Amino acid sequence: MSHKAQIVIEGVTHSYRPPVGRTVVALEDVSLTVNEREFIALLGPSGCGKSTLLYLLGGFLPIESGRIMIDDKPVAGPGPDRGIVFQHFALFPWKTVRKNVLYGLERQNFSQDEREKRAQAFIDLVGLSGFEDSYPSQLSGGMKQRAAIARTLAFDPRILLMDEPFGALDAQTRSLMQTELLDIWNKTRKTVIFVTHDVQEAVYLAERVAVMTARPGRIKTIVDTRFDKNDPDIFKAKPFIEKVDEIWHLVRDEAIKAQGKRVR
Amino acid sequence: MKRALFRYLPLVLLALGWEAASRLELVSSLALPPLTSVIAAWIELIQSGELVTNGLSSIYRGAAGLFLSIIVGAALGIFMAWWRPLNVLLNPLVELFYPMPKSALIPVTVIWLGFGDGSKILLIFLGCMLPITIGAFNGARSSDQVLVWSARSMGASRLRMLWDVVVPSALPEMLNGIRTALALSFILLVSSELIVARQGFGYLIGFLGANGSYEAMFAVVLTVAFLGFAADRGYQILMQRLLRWRE
Amino acid sequence: MARIDDSFSTQAKTEGKAGPRLLGRLGLGFARSISIILLFVCWEMAARSGAVTTFMLPSLSLVAEWIWSDAVSGDLLINTGATLYRAIVGFLIAAIGGIVLGMAMSRSAAVSWLFDPIISVGFPMPKIAFLPVVILWLGLYDISKISMVVLDAIFPVVTATIIGIKGVDREIIWSARNMGANDREVMWQIVVPAALPQILTGLQVSLPIALIVAVVTEMMMGGYGLGGSMMTASRFAQSPGVFAGIVEIAAVGFCLVKGMAILRRRLLLWHQEALEPSTV
């Protein structure tokens, strides 16, 4: 797997300065390299700054110190080269599914015809055929997330940023969506940065798992989780369970620290 | 303290701008007398007693009308929530009269009770009742079912339950309804006094205007406007105190 | 049982009993009419009973006659038209101005700082007290009436617009930026539609205020209009005229509010809570 480094994060520190109250340091001196077409998970306890790192990658928050380079160019704001998928879907509620998906395409150089075709193709890909003209309020949680994924995939970003996308779904839907996501990734081979606090999900989906410390967050360890994911009983397979266990222990200490800080 | 000053600074600038525009005749100083002369006129009005006499008259009317509307309105709203038949009977009427501009009642109250205190009190009573009734009704309706059941299981009689459980949980929405009614009472009071009165703030404003004493007129206008603002702020503080247990 | 609001449609959800919706609808329509009919009956009976003079409470038939003759002579149309003209023009100016100001205040900290105290102090003030000042400046013409309407009706719109814009989920804005939308596109294509429910609520509060103020200014200044004609009737001690005015103004108010509610439903088809807000 000799893919070149696509995303380089170096020494990034980020703080939140609310108008009232103390400054919170969310990330401290974070460094990470992500390779092209890689699927990497950011794992850590609540408040460890993993979402913040994602927002910095997406260009939604300004980079105060350190740097983030994507394809050797510094990040300078949001853009369609990095598509984001949020936990609470962030669909435009006044637009139908189709219109939502078309929104990103309208800003690209496609003809009207191509846009419609592409939109439909991605709606079909995520399994929402027949619901193109529904409004988000008419869809279930799982369907909304599929719509959000279709919308992001449609404008063909090379990098996918996913912020606990299945966190708001029930357990059954979640595991279905996990398999589907892996499927889509295998087909489209984008670089994916996936934020989660669920160890099993991280080990199942990702090729590498970056474990983060409690706040202020930094990268604690990176664990390799590449193995054959096609086994339908993978969750019971020995290598899988061992990996989960290994990572769980790494996370556990951080989780306790995160709790302890709040108790104070 | 410093933050409050910064926040209200634009008003200070506005006041300065007023003074400047008037003194420098950027606008006709007849139409917009300088702020300082308005203040001077205000002091005169206080000293002559005119402002106080009329003011007390207005405040009496407003308070009386509001007080009555709170008592009757709240009782009505709570009982409508408590007894279905009453609700079914009165709900359509409430819906019918809610969008009606209450100021339309001014001529009627005058026909019934003349130019004096009575008509104003009646007007405010009738006009302010609905928001309070609706607030009390909605508040009582949302009275936590669980609270009611636990009170019931502890053997509380219906009347007792009403007092101990329903009224307190109805309080927030009812208090909001009263806040709306408070603002409405000022509007109705001033409106009716401007049009049909022989005493009171509104009457005084009209009288001074007709006389050409514009500085004094401005003074009374600002007094009333400020009282309305102060009443609302004061009420908000009261509301917060009363609702402290909620948070 | 329904929360008190202006929607006819909530009753179907709230009756709680199983049963065909149509029957439920008819049932409530029936209950409503019963109350109103009862009201009319009581009115007529009280008027005829002699307990109060005809002057104090003219009978329903007298009032109805008055309204009828007004309608026939064209006066009703003229007066209603005049009042509606002032109320609606004022409302539209307040709506557009209020939304623009609200948007400006949301975008610029300086504009927000400048107008915030004016709005928060001005909102609870009985601005009707400024009517004599407005008359002093602008005379006894329509423009004073309309200015007064604007002055009163603009506050709820500004406040609602600011709340609506502030309340827009930042993730929606980020998604739009993610897809390449620039500042202008984000404002008009994303923020405004997302804030629309709240803005419409503000407009729904503002419209009845516009009507009230229009009526009061007419009462003060006389002339054409429902308020003016009511004052004239009261000056000539014609109580059927006064009561007729109440009925007419109530009807106009009712129609405006209902109209606004229908407009809201149309515009917000997509909104999950398709219920109208409770109007307290």
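For reference, chains read A, B and C in written order, and residue numbers begin at 1 within each chain.
Note that a contact is a pair of C-beta atoms (placed from the backbone, for glycine too) under 8 Å apart; a residue touches a chain by one contact, two chains touch by 3 or more.
The structure presented is a predicted model; accordingly, all values stated were derived computationally and were not measured.
> By C-alpha centroids, what is the most central chain here?
Of all chains shown, the one whose C-alpha centre lies nearest the global C-alpha mean is C.
> Farthest from chain C in C-alpha centre terms, which chain would that be?
Relative to chain C, the chain with the farthest C-alpha centre is A.
> What pair of chains is linked by the largest number of C-beta pairs in contact?
Maximum number of inter-chain contact pairs occurs for B-C.
> So how far apart, in whole Å, are chain A and chain B when each is placed at the average of its C-alpha atoms?
Between these chains, centre-to-centre, one finds 53 Å.
> If you average the CA atoms of chain A and of chain C, how far apart do the two points sit, in angstrom?
47
> Between chain B and chain C, what is the gap in Å from one C-alpha centre to the other?
19
> Please name which positions on chain A make contact with chain C in the complex.
Contacts found on chain A: 55, 58, 60, 77-80, 82-84, 86, 88, 90-95, 103-104, 107-108, 135-137, 151-152, 155.
> Could you please specify the touching residues of chain C with respect to chain B in the complex?
1-4, 6, 31-36, 38-39, 55-56, 113-118, 121-133, 135-137, 208, 211-212, 215-216, 219-220, 226-227, 230-231, 233-234, 237, 239, 242-243, 245-246, 249-250, 253-254, 256-257, 278-280
> Which positions of chain B touch chain C when the two form their complex?
Contacts found on chain B: 7-11, 14, 31, 84, 87-108, 110-112, 131, 134-135, 137-138, 141, 173, 176-177, 180, 183, 186-187, 189-191, 194-195, 201-202, 205-206, 209, 214, 217-218, 221, 224-226, 228-229, 231-233.
> Can you tell me which positions in chain C touch chain A when the two form their complex?
Interface residues on the chain C side: 169, 171-172, 174-181, 190, 193-194, 196, 269-272.
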